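Scroll down for the structure; my scribbles are underneath it.
All chains are identified by letter, namely A, B, C and D, in their written order; residue positions are counted from 1 within each chain.
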Amino acid sequence: MGSVVGRRLAPVILTAIFGIVMILNFFLNIPALASFTAEAQRMFVPIVASAGVVGGVNLLLYHFTSVSRRRGDWPLSALLIGTFFFFLVITITPGLESFYALMYPAIVGRLKEATWALISLFMVSMAYRSFKIRNLETLLFTLGCVVILFGNAPVGEAIWPGAGKALRWFMDIPTMAGMRAITIGVGLGIIAYGVRVMLGYDRTALGEFSEVG
Amino acid sequence: MSLEKLTKLDTRWIYLLFIIVTVAPLISPLGLPLKISDDTRIVFDTIDAVPEGGTVFFGSDMGMGNRGETQAMMVAVLRHLFTSDVKVISVCFYSSDSPILLEEAVNEIGLANYDKEYGVDFVNFGFYEGREATLVAFGVDAHAFLNVDYYGTPISELSIMDDFKGAEDIDLVISLSGGEIFPEVYLRQWQTIHGTKVTGGAVAMIYPMLVSYVASGQLSGLLASSRGAAEYELLINKPGSAIIAMDSQSLGHMVTILAIIISNLGYFASKRSKKGGLDI
Amino acid sequence: MTPIDYVLPLISGALILMIFSFLYRHNRWFALASVIYIGGATGQFVGICLKNIYTQGIIPLMNGQYWYIISLVLGALLFTRFSTRYSYLVRIPTAILLGTGIGLNMATGMKAQILAQIIDTMRPITSINNIIIIVGVCTVTLFFFFSKEATGIMKPINKTGRYFLMLSIGCSFAYALLGRTSLLIERWKTLLLYPTYYLIPIAVAIIVYDIFKRKEAVA
Amino acid sequence: MSILISGKITAFVLFTLIVITIAYLSFQGTRGRKYNLKRKLEAIEAIPEAIGRAVELNRPIHYTPGSESTTGGRGTQTWMGIVIGGYVTKICAKLGAKITWSVRAEHLPMAREIYREAFLLEGQIGVEPDVRYYGAFAVGCIETMATDKSAVNILFGGFGSELPQIAEAAARLGCFQIGGSSNPPMVPLVVASCDYSLIGEENFAAGAILSENHVQLGGLVALDIIKVCFTSLIVLGSLLISANITALIDILKI
């Protein structure tokens, strides 16, 4: 019994309650709701933060098993555990702030920046692989891309003075129209999904699949 | 070599070419000219128009990964803010990296160079987890939400916070955002509720999404990536790192266009040889 | 300059080059750098989370805001994931987060993502640009149509929508590339500083050696 | 003080109408009304085939629902990704494929539940969910795909800028890719990098389509009706404002 309530009913009801409260608070001016949501949202910080800790423990467990079973690249796993605790300690220990401010940007920060810098190279190879003019659609796709690249570079403006203007027009008129329509569609999709979840029709996100039919 | 092979080039050659053309201008700059766009000028004018003694909320909503694009922008905008008589309050809702980046930018500028004092004219509250939900909580009552600043100073000792309650006291929100469409969050949660004016800058990835908000007037101008930063540096007369990078970027784009042309040449050649004639 | 001013840039430079080596092929150096990255980033993230639990959960509780015990308990329920028997309890805190997220997204999306955009699209049909915008928004919206096949009047609408979609996707692709290039340039700047640039020939040498070794292995 | 907020009244009325339309058509579904969707989503139909190919090669599948925060502006997109992931996992369980999920920390507990449930539905009890979290999302995914030698990479959900890293790295590692994103800036990258892709709201439709449940499909049909209404509204508003009548816009702004 307890488990049926816990498993099926309670999650749907809680989702619906919190969802409806959020919606009403947005559209209507009810002071009690406003203070409730403000307080509730402050109370989420520890919940979300706990999830972060769970995630960290999950990662550690995986790599501890790797090390203890000497599975695959276990020395790398050991290194991972080592860096984990190193950065955990320097983050939370009071008095190490300046050391943290020195180490974090130099190691993790640099790595993050390096992986993000790969994106531009990756995108060039994506363009090389997929921008082949097969029909009118791919022609437009490629044309848009080339115009924007040309227009944004100062070189482009030097070769063709109208490039900057062309870029503004492509961005402000057709691109804006297309992206706006996607935005409207996604907004509607979210509402439809929200209604499905709150009415209990779609419980997949709560760990339960709907029957076919 | 037949043209058909051009479709199956090893992408590593393209990578190599791209790397060479982006590195070369850093070693010997070309100094290509730069035009200032309207959007950048609007941002400049909006920040200029903040009344004396007004409060600006500075949203440093980027992560370490965005540093290349947003750091120059942040430095340029902060320089401009510090030359005028406004209070700058910053809370980061995006990533735990943001306060570090903000600190770095402020150190680079030097508060003392502009006769500003920490806690009186500027404060950095660090990062708060929870994104949109926490942003709402801050907007309603900042004092109930914040306890200490990034360096552990209690809020009661920061005189900048004395007259500040929440989003209603903010004259302008500047959101420099990377990765996620953060200005949109301020629009949703603060502008629709408190009527706050919002401006900012965005990394190029999300810029197209925000263009429609600029067009509809919800956003007062927008800095576009490092190009916007370079233009802003020109506007405040402090040429910096963004302008230097523009040359490399220009050449990089040309390589991308070249890659697209090569791949299409190869594609059409292979099509021709297969069908024995041009057939689009 | 103190020794740390030499050592730290060298370490960061080496890590950047290890990540970049993925462009050549997936290799042990990349694996090494990514392990350091994953470990470090998770460690720091967990540290920040612990701090947040303390400042946003435990401090208010100690200050007499006893209802914060609820959020601590809900947070603790997430740890039932480590038990097979009680793991269903994670559904409760998750349901609350899901409901809040969806509620917020639905309501704010209605105003900012739907209504504001619709109002701005209602423009006088006096200029060609306005007509393009109106036609673009309408046809792309109708392009995502699920219940009917694109026949009759829907056929040209569907086609026009598709063309608009493709053009705007191409433009945004290019725009995304613009910013990313600056990130790469920023990395070159760090790599070209003293003493980091000494690492570049070493990295090139390792890659060239690997290319020859692999060629030999094939031959 | 009024309970209504000026500037949001029309929005609230329209919102209520949309919700009622969706709820009504969904409710019709519970009473046995059948909905037939004419438009097929290629990306969804390609999933079983791709998984089948991975089984033949005896290599695993990598799935990620994105890394956007639950409480953020794109939180619902990630949830949608998790829902689609549930169905993908179910197909994997049916075809006997191995699947690894990479998720954000706060989705990890629930993702494990869904993973286990999906295998349970196919009669496989006690499967240990292979759901992973890494502080460095993109690199974590790349390393997982590289060390596991994944044959297929499937990505649906809420993505930020890590999408091009994951997708292009997967392409370099030789993975077959199916993806989708409703985050507009990511749409071009999904289209350019994946073999099959879902754009924008197709992602939200995908969950309903995969469920093969007429109650959920009803919601999609309702959306079609609403879209027709909205586009008519835009056209009407433009015509009125061309004739200098601002009444409609004024009403919408109330």
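Everything below uses one rule, namely that a residue touches a chain if its C-beta (ideal position, glycine included) is under 8 Å from a C-beta of that chain, and two chains touch if they have at least 3 such contacts.
Everything numeric here is computed off the predicted structure, so don't read it as measured data.
S.K.: Most C-beta contact pairs, which chains?
M.R.: Counting C-beta pairs in contact for each chain pair, the top pair is A-C.
S.K.: Report back the single chain whose CA centre is most distant from the CA centre of chain B.
M.R.: D
S.K.: Report the inter-centroid distance (CA atoms only) between chain A and chain C in whole Å.
M.R.: 5
S.K.: Can you compute the centre-to-centre distance for chain B and chain D, using the mean CA position of each chain? Integer Å is fine.
M.R.: Going by mean C-alpha positions, chain B sits 28 Å from chain D.
S.K.: Can you compute the centre-to-centre distance for chain C and chain D, using the mean CA position of each chain? Integer Å is fine.
M.R.: Those two chain centres are 16 Å apart.
S.K.: Residues of chain D that touch two or more other chains: which are they?
M.R.: As it turns out, chain D has residues touching two or more other chains at 8, 11, 15, 18, 69-73, 76, 79, 105-106, 108-110, 113, 133-136, 139, 147, 161, 164, 169, 172, 184-185, 187, 189, 191-192, 199-201, 205, 220, 223, 227, 230.
S.K.: Give me the residue numbers in chain A that touch at least two other chains, ranges are fine.
M.R.: Within chain A, residues 23, 26-27, 41-42, 44-45, 48-49, 51-52, 54-56, 58-59, 73, 104, 108, 111-113, 115-121, 123-125, 127, 129, 131, 142, 145-146, 149, 152, 171-172, 175-176, 179-180, 182-186, 188, 190-191, 193-194, 205-207 contact more than one other chain.
S.K.: Of all the residues in chain B, which ones touch at least 2 other chains?
M.R.: Those would be 11, 15, 65-68, 128-130, 132-133, 184, 188, 192, 203, 205, 208-209, 212, 215, 227, 249, 252-253, 256.
S.K.: Taking the complex as given, what residues does chain B use to touch chain C?
M.R.: 12, 15, 22-23, 26-27, 65-69, 71, 96, 127-129, 132-133, 147-148, 184, 187-189, 192, 203-205, 207-209, 212, 215-216, 218, 224-227, 241-242, 245, 248-249, 252-253, 256
S.K.: Across the complex, what residues on chain C touch chain A?
M.R.: Contacts found on chain C: 4, 8-9, 11-12, 15-16, 19-20, 22-23, 31-53, 56-57, 67-68, 70-72, 74-76, 78-79, 81-82, 88-89, 91-100, 102-111, 113-114, 117-118, 121, 129, 132-133, 135-141, 143-144, 161-178, 180-181, 183-184, 186-187, 190.
S.K.: Can you list the chain A residues touching chain C in their complex?
M.R.: Residue positions touching the partner: 3, 6-7, 10-12, 14-23, 26-27, 39-59, 73, 76-77, 79-92, 102, 104, 106-108, 110-121, 123-124, 127, 136-138, 140-149, 152, 169-188, 190-191, 193-194, 197-198, 205-207.
S.K.: Which bits of chain C are touching chain D when the two form their complex?
M.R.: 19, 22, 26, 31, 34-35, 37-46, 78, 80-81, 87-88, 90-91, 94, 97-98, 100-102, 104-108, 110-111, 114-115, 118-119, 121-126, 130, 134, 137-138, 141-142, 144-150, 165, 169-170, 172-173, 176, 180
S.K.: Across the complex, what residues on chain A touch chain D?
M.R.: Going by the criterion above, the answer is residues 23, 26-30, 41, 44, 48, 51-52, 54-56, 58-59, 62, 72-73, 108, 111-112, 115-116, 118-119, 122-123, 125-127, 129-131, 179, 182-186, 188-196, 199, 201-202, 204-213.
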